[in-house]
């Protein structure tokens, strides 16, 4: 779609996701933590839940390191049918249990409307980039009361992304968090091109919080820290970082995962960057 | 995904969609017509079924004009939840009835696995670009015995597209037709950039037939004829053309629809181009 | 630049390159051959002139095979300073001599305004994709009376491309031929993505002839024939095809070069496709 | 070009620009200021020099506000030949004079090798994005001893960009600073897509300093601050910011220019972000 530059037309298109006033900002509350309106949400965890022990141990480590929420994929959306597809229902159980014990709320990705009942103990439901325009899934999620993390499609522009949020909100669920995860360009050195201009752009267009996933965006663990700090400096409402106890042994996306120690250091730096910005703003 | 340039690795990835020998080509049979292995399939019809009269009248007109199959959307996958979403189940009924009376097999787009029973009288089920990586939908369709038309995603490369075909085929349904419909680039004068190199590329990589949709690709009715002829000249196994009795009155995508008369002329030219190529090849 | 959709604004921008009426079409005359307004120009030759014998022998072969003009690079614009940069002045001499003996007019690429005097016996001067917005070079060429072949930049949209033509024309030289050679996208299986929609688009916007280079666009010799035929079917005013006596021995871009025999076959097919289109149109 | 993932091949390609060891970093010295190896260079000024008074007044204001260097275009590289092309030689004189009086070194863009003598009093010569692969210009600049600021081409990947640096360095001039200024993607809400991953990527590949131009990249003044801070957080060696006394009156690119006051505030925030990073690193 072409972006409407006319304010009135824009208001018609983005009825619910669009800003009504420049200061409007939504805060999404998630079992003890919040995202948006000045609240920064730091999500960490493995690409995929691989075993009960893995996720349980990691959850404790991440909680100590400063994470606010635990991520872990159970239903994986993989390009190839021959790749590891996740542990499914069992993986969700391991994740929610690890979250319960560590005291961290949890987030996991959904791939089919029929899975919604399985997500009863999951705190935030993630819609992956490949399903950003799976409108039937969006409508089904719009009928739940769970916060939804909506990742940007690989080639979606800002207007289309907001329209997908609109699909969810229109069904009654306005708890939507947007997540920038890189777009597809001709540059192949990085997995995708992280588009941080999405932060000021979306903060201008919508009241919904916007977080950033530098792990999937860059595909390289050594790029995660600089891009995470950049996202924080550009006004992100949160970050989602892939962490694995032993990245080289990960069953998926190990090349982009941080070790728990590296995540711990990163969490400190992010807080420092955010503090200085708040001081300067104040 | 990065494309595997190594033959062995490629064979592992594209177990079912990949070519076993340079000459291997699949022919998909669809109630009296065929696609692939020298059989050219000319599909025509409106973007959306708008009424019983519209589709019934148009079907007869298109049959006379040389169409082999009738298209018509009932479950529309629209960027905005506020756009016309199609007539749904009723639309499918009008379409299949129009197909039955005109003698044309029919094709329509599916957007949710639960809709499969409604497609019992539809001859080919279409997966739209936005659902190319809706893997749950692909797996469900792989369990049917219907031919599937798989459109290329807006930013999908050849490898990913074939992987999505692989998802369908792996479940048992090997009747897959690929459809190039333009990719997203920086050029905004056209709706998308039609990538006709996909024809020689896929004919090198896969035995599945590949057709082209110049209507969605260009978004401009005056570009449909030259790009349709180009596709035929580049070896397409078929074409899907949007036709509307009165394009300016269409409820969706009127700007890219041909009139029945323009389609009739185009059908003649396509046959001529194909004939000359066959003669030269022969 | 954003494309002006308003006719009046468009006329202001494209003062000289823009169409004044739907039927306006320019014909560029080049020592006995023509391009545009129904005249099709078939250019063939090696990526680079490699020796006097090579280009002399090839010229005769190409003339017999149906080429209208001989191409051959002498000043090569290579990504790396360590790649073969062409034979320079000497290469131009070999090319013009081969053209003279075979009776074919010649075309070669220029990379610096100071080289203009060396092109005295070259019939058409080519501006490469990387120099499409080298405005100083364009202005200098606008002061000559040579036909200029202006290749599209790797990421140039139609408006910018026409603006570069405007830079040449404004200085007095209106003999400009546009050449589509593929744009840069996320698809990496082909070298570039050949954008054949540029043909109907530019034929709508400008009176200048538009030709296509399928060799550089695809980067694969086996894709050259289908894309060349597609270009002819879509209304191209000509084609530029890379041909090398022994592609595997070429000092640059051998992977995309045809053998003289393959070119000969292609030339026949192109004529056939063009004939059928003319008959149908007539 | 495809990026060489093999270390040895990479060393062969990037003989001079490539890193010899992980810690290697170049510092470019420019009349009292430096860029690289921990030295941050803050460049500010108008898109184009418009008058003697404008640039003289602005220079003093920018010096006070914390700028390290003054920018101002005299030879503008504009898409349309009918747009303001800069004041040329006269503009350069106004710029160097303003630099001399304010005590700021100056930078301006070159568009033709013949202009080199005119840049005698300019401290850094800029090569614009459109000329990144104007190899003749690069070679001529490689024979000077001036620091060169090499902007990334609109669709250049990291490898090609470094190769252009290599063209300059190979002629003897190793004082090259790279400048990321956004790449072309399908997202049209911003002028370009600022690719900040270029910072960790290039810091891994090359010892040359890398700065960022958030003004041209985003094309929107309200996005300049967040993206400038993001660049600083991601490890940029400097920034180039467009500033105009009255942005709405600017003869070019006013929409992306900051006022001097906004720049002053930004300069403070950048220093704060850099200080916290250095503290954390230390």
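Going in written order, the chains are labelled A, B, C and D, and every chain counts its residues from 1.
Note that in this section a residue touches a chain if its C-beta (ideal position, glycine included) is under 8 Å from a C-beta of that chain, and two chains touch if they have at least 3 such contacts.
Here the structure is a predicted model, which means the values were calculated and not measured.
Just one of A-C, B-D or A-B has an interface built like that of C-D, with over half of its contact pairs in common by residue number: A-B. If you compare A-B with A-D, the chain pair joined by more contacting C-beta pairs is A-D.
With centres set at the average Cα position, the gap from subunit A to subunit C is 47 Å.
Separation between the centroids of subunit A and subunit D, computed from CA atoms only, is 33 Å.
Looking at subunit C, residues 2, 155, 159, 184-186, 188 sit in touch with two or more other chains.
Contact residues on subunit B toward subunit A in their complex (touch as defined above): 1-2, 12-13, 15, 77-82, 111-113, 130-131, 133-137, 153-155, 159-160, 163, 166-167, 170, 184, 188. On the subunit D side of its complex with subunit A, the touching residues are 2-3, 155, 157-159, 183, 185-190, 193-197, 199-201, 204, 217-218, 220, 222-223, 226-227, 229-235, 268-269, 272-273, 275-277, 279-280.
Contact residues of subunit B toward subunit D in the complex are 184-186, 188.
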